[in-house]
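There are two complexes below, and they share chain A, which is joined by chain B in the first and by chain C in the second.
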Partner chain A sequence: MIGLLLYLLVGIGLLIFLWLLARRERAPVEGCGRQFVEARQALRTLQLGLLPENLIERIFDPEDFRYVTRVGSGDIGNLFLQERKRISLMWVRRVRCEIRNLMRFHLDYSRLHAKLSVVTEIRLALDLALLLLACRALRILLYSRGPYGARAVVGVLTAAAGRVCAASEKSLAFLNPPALESFRRSSAGDGAAI
Partner chain B sequence: MGAPPKHMDVLAATDDLRRRTLVEMTQPLERLIYLASTRDYNTGLYYHHGLAARFSEEAACEALAGCHREAFEELVAASLEELVHELEAYLRSTRVAPGDFIAAWKGLEPYRVAVPVGVDSLSSELVFSNLKVALAILEARLMVRTKPGASRPLSPVQ
Partner chain C sequence: MLSLLLWLAGLLLEFTLLVRSVQTKTFTKYIYFYAYISCVFIVSAGLYIGRSQLGFYEAWYWPTQFATLAMGCGVVLEIVRQALASYPGAERMARRASCAVFIVTFCLVEWSVASRAVWSTSAATVDLERDLRVIEALVLATILAIVFYYRVELGKNVTGMIVGFGAYVGVSLTTLALRAFLGPRFDGIWSDLQSASYFFALIVWTVALWSYSPNPKPPANGRGGRGGGGYDALVHGTRAQLESVRSNLRGAAGS
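For the complex of A and B:
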């Protein structure tokens, strides 16, 4: 009798577990417009606002500091370092935030829409992990060594961010105007598809 | 504002603006301040009487906005040394007493409202930060040049 009760309890437990699994929220296969728009926005911010080479060069180029030490007093030098540290920390924080947005997108939706190969997915996952790690390391280095103490990490971070952007670009390519245009052309004559 | 202007009109208006008005302003900072002053604070739209009369209000607005963005991008790309030179040249062009100019710019930070719409906040923060340091450098130079006893108060607006 006790054995039967035990089996019954295990059975009920399994049923509850299966019911909970079935109830779990998951990304709809057809996707969610807001998620795509946010991912697209994050990608644009990274590509146009945070990762342009000249901007990164401007923020982390020590030439500005050399100029300040040449022409200014110690106070101005300190002001400059304080300001540049603030800007570089802001840059890392913004990059991390946008990368996390892209990561969320890739985790929830990308696989349902873009046919990424396993190798590409593994590479993407490694790059995302590397990026978050590099962001953390860079923040610590910027706090402890100032804006010019971590150029190598900046290089690693921007290279990995570039790869993630390229992969995300592929996943979101169908949102680009030419793709929409070709879809519109191939749709019904009355344009009802869009 | 009516329908969006034709691309060719905007190009022609931009060319006209560069040749007639902006040609005198060699420094991006000077252009940035001038172009920001043609923008209505309430609507965010740019207006230039001569350009609007020659083309259309819409084309003039787009041309001014495009040149404004361009001037801002040049400032973002400028090194601190270049920015100090630009600020010095702009200071000279205003014909305001250097002490008053520096006090006003440090106190009011007028450059904060001269940023084009839609630029990334990091770029604008970088420019503001560089301008802050450039002003400190100019102020230090001014202190060195000014004889003791002849200096005037530097912060009437703070």
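For the complex of A and C:
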């Protein structure tokens, strides 16, 4: 009976995979430049859109909440708290999404490397899975404690995401074609920004 | 009656596929795949012509079935060869993973066969087919997992090969497992389902391989990634990113 179930599981599992393959949307064939731009975009979103200090202060500083509860009623305070919670959860979701984008960038390049290390790739996949789980855990923490109950966590996540950006800058710099680098250096003065 | 109709229609589709492969000059491009189709066509046509002779079909069915089963493994090889040809890294991963799956499944199957108390030719034949299908199904599933994980783009030809052969293997495996459980009373349905799934595969292959449609080429890597020169740096960068975020999240969860 167990054998039957295993065989059925493999057979039906394969059919589900095929169904997913048939349903898979055809991604546009991307050029090197496009991938580069997308990775840059993910970095830029993290650096300029999600991690600026003033934005984080704005979302997670309890001063606004104190002001609202001081001048308004309790209901308005609760409504404000709900909205802030929603925004903070959205913020974590976006950070998670951009981390995934950076990982996708890694996969898009590693698949082309003939000397890819299978063990390293498996470890990276596990690392990513753990990291995404950790992000999810952080969301639960924000959800249960509220936006002002996890300030320390937010600070730590912001610092970590900042380091991710710094590391990604290095990865992207390595992927810059040498010719482009030299052109960038030569046009650094009053030329157009690349 | 249904099986006979599907048999004849299948022969027609196989012939069409072979003619088109010559017309579009794809026979040499997908040599293992068309070798399989040629083998099945010759076997099917031979069995159909000789079936009026007494005992001919019974005598030749299982030996020829073994030949087509063995050639079916060539289709899996063709899929690996074609799907990941432009992605050396993903291909390396698929090769290792497929070997591991093959060895583990083969050992499990051998162990299972060795521990069987009673042996009979017909049961052994059906079991062998089922065990081979398990290996093919697991290898195909592994390749598909890698295709999804690395976002490998497939052309119409290779997608058709995978969908057609995968559907046939998946249905065969499921029905063979059910047959082993339900016994001879399932034979009628089993035979019809096998024929229907193979016919479905032939339709998919005829549509997908009507004209030559290679896989889209992946974008060129700016630093010549195919040589593997920058892989270490890339891994180092990615690992540093993940590690820093992970360690800080761990600390955050504890705060």
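The definition used in the following text is that the second predicted complex is superposed on the first by the 114 of 194 C-alpha atoms of A that agree within 3 Å, B and C clash if a C-alpha of one lies under 4 Å from a C-alpha of the other, contacts with A are read in each partner's own complex, and residues count from 1 in each chain.
In this text, a contact is a pair of C-beta atoms (placed from the backbone, for glycine too) under 8 Å apart; a residue touches a chain by one contact, two chains touch by 3 or more.
Owing to the predicted nature of the structure, the values given are computational and were not obtained by experimental measurement.
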Problem set entry | Comparing the two partners chain B and chain C, which touches a greater set of residues in chain A | C
Exercise. With the two structures laid over each other on chain A, which partner does A:V71 touch: chain B (first), chain C (second), both, or neither?
Worked result: first
For this session: Determine, under the contact definition given at the top, whether A:C97 touches first (chain B), second (chain C), both, or neither.
Result: neither
For this session: Would you sort A:A129 into first (chain B), second (chain C), both or neither based on which partner it touches?
Result: neither
Exercise. In the superposed arrangement, does A:G49 touch chain B (first), chain C (second), both or neither?
Worked result: first
For this session: Applying the touch criterion given at the start, work out whether A:E63 contacts chain B, chain C, both or neither, answering first, second, both or neither.
Result: first
For this session: Mind working out whether A:F80 is in touch with chain B, chain C, both or neither, as first, second, both or neither?
Result: first
Problem set entry | In the complex, chain C residues that touch chain A | 87-90, 92-93, 96-97, 112, 130, 133-134, 137-138, 140-141, 144-145, 147-154, 159, 162-163, 166-167, 169-174, 176-178, 180-181, 216-223, 225-228, 230-231, 233-235, 237-253, 255
Seminar exercise, completed: In their shared complex, chain C is touched by residues of chain A numbered 1, 3-4, 7-8, 10-15, 17-18, 20-22, 24, 26-27, 29-32, 34-36, 99, 102-104, 106-118, 120-121, 123-125, 127-128, 130-131, 134-135, 137-138, 141, 152-153, 156-157, 159-161, 163-164, 167-168, 170-171, 174-177
Problem set entry | In the complex, chain B residues that touch chain A | 76-77, 79-81, 84, 120, 122-123, 125-126, 129-130, 132-133, 136-137, 140
Problem set entry | Residue numbers on chain A that touch chain B, as the complex places them | 45, 48-50, 54-55, 58-59, 61, 63-64, 67-68, 71-73, 75-76, 79-80, 83-84, 86-87, 90-91, 94
